[in-house]
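The data blocks that follow each hold one structure.
Below, subunit A partners subunit B and then partners subunit C, in two separate complexes.
So, the complex of A and B:
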């Protein structure tokens, strides 16, 4: 069991989600549970609740999971996915209000040091365009 | 016992403190309990090395000097380790 907060990347585009996850792995390393999802079930752009739920479970950590999203549906579907988790897990997942790529790298950097879910979220959200 | 430590190093990395070097610096800093800061001179302005966002915001370029200062029980070890990381061009120790 990994004690570090997990990171989930949810984009409308599987390429964006996979690319952001690659950046996290190469820049931050393997100390953080990481999962991504994106794209509509039949191909094309989109997000769906089941895949987000599965990604959260893949990246699960008892320390919690921080979710990075891109636009609109990615956020609302992520919130729906969180509502489908068991009660005991719902309070340990947050959707960060941060840019998806930069936020994922910042959040993972913070998580790799063993920081709490709240610290991870704060670091991701601290990032604002200059 | 609380120590105070200082050190200076020049950034030789081709792109300065960009994304990957900043991540490495922050990760290493967070492995120490001391408060650790760096600045462009020994009078600051000081940046918390444990904050990845603040470190990146400094946009420290190649050839800039990094003045470290630390306070805590492992301050000396922290400054030594961070300077060594910069000197080996932010490569992870093997």
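So, the complex of A and C:
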């Protein structure tokens, strides 16, 4: 079990999610559990609660999981997915209010240093527009 | 107002089919101020509901509403999935064991609160809440059968979102340019309310 906080990337577009994950892997390396998902159930642009749940479980770390999202539905669906997790896991997943690509890289960089979930979230959210 | 199983089936089927029938209209509304996916997302969600119609018709209504909500959460693919999903799940969770009007109003109040919490939104922000809240007021203020004017009130409330500037969802990115268009979520909410009224009055 990796002790570092995990990162999940949720985009409306699988291409964007995969691309952002590629950037995280290249810039931060393999020390951070990482998963991505994108696209609506059955294809097309959108987000899928079932896939978000699966991605959170793939990137699971007992230190918690930080979720980076792009637009509206990605955030709402991620919050919904978190509520569908077992109670013991719900409090250890946060959605970061940050741009998806920059936020994912910054969050993963922070996570790779062994930082707490709250520190990872704060670092990602320093990027948010004032 | 006991809900018989056959009536329950007709309610679920009519609501689902009404939304699906208006897919193109919802797409057009959402293309104007959103990302254009509302119609297709809702169609996908309610087609999945129809696929399980036998199952949802046979359950106690509260359980059925929860099941419909979970299907929408899992199948819609946009923000309207968790929003309508939360509405139906909360409605089902609060549904009285013996259906009666006061209990229905209480359950609907809980459902509207769930949508507000999920969307971090409230009335006046050009969303489905602008339709759900006036409908709730009528449910709370009247007794007896579901009043026919629920449908006209819902439609008027949806129309009333046209001059409003959006403050939630993708439409809020447009600022002033969101003015002059009906909110697609308000429209889909009104469609569902009218479908329920039509069934209760024997027109569908």
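One rule holds in what follows: the second predicted complex is superposed on the first by the 127 of 130 C-alpha atoms of A that agree within 3 Å, B and C clash if a C-alpha of one lies under 4 Å from a C-alpha of the other, contacts with A are read in each partner's own complex, and residues count from 1 in each chain.
The rule we apply is simple: a contact is a pair of C-beta atoms (placed from the backbone, for glycine too) under 8 Å apart; a residue touches a chain by one contact, two chains touch by 3 or more.
Not measured: the values here are computed from a predicted model.
With subunit A as the common reference for superposition, the partners subunit B and subunit C occupy compatible, non-clashing space. Look at A:44: by the touch rule set out above, it reaches subunit C but stays clear of subunit B. Measuring from the middle, so to speak, at the Cα centre of subunit A, the directions to subunit B and subunit C differ by 150 degrees in steps of 10. Legend: residue contacts after superposition of the two complexes on their common chain; A:28 is shown touching subunit B, with no touch to subunit C. Within the superposed three-chain model, A:86 lies out of touch with both subunit B and subunit C [touch as defined at top]. Minimum Cα-Cα distance between subunit B and subunit C in the superposed model: 26 Å. Taken together, the two complexes place no residue of subunit A in contact with both subunit B and subunit C.
Interface of subunit A with subunit C (complex): residues 40-42, 44-50, 71-73, 75-77, 79-80, 84.
The touching residues of subunit A, counted against subunit B in their complex, run 26-29, 105-106, 109-110, 112-115, 123, 126-127, 130.
Within the complex formed with subunit A, the residues of subunit C that make contact are 35, 37, 40-41, 44, 73-83, 85-86, 118-119, 169-170. Subunit B meets subunit A in the complex at residues 19-20, 23, 26-27, 30-31, 50-53, 57.
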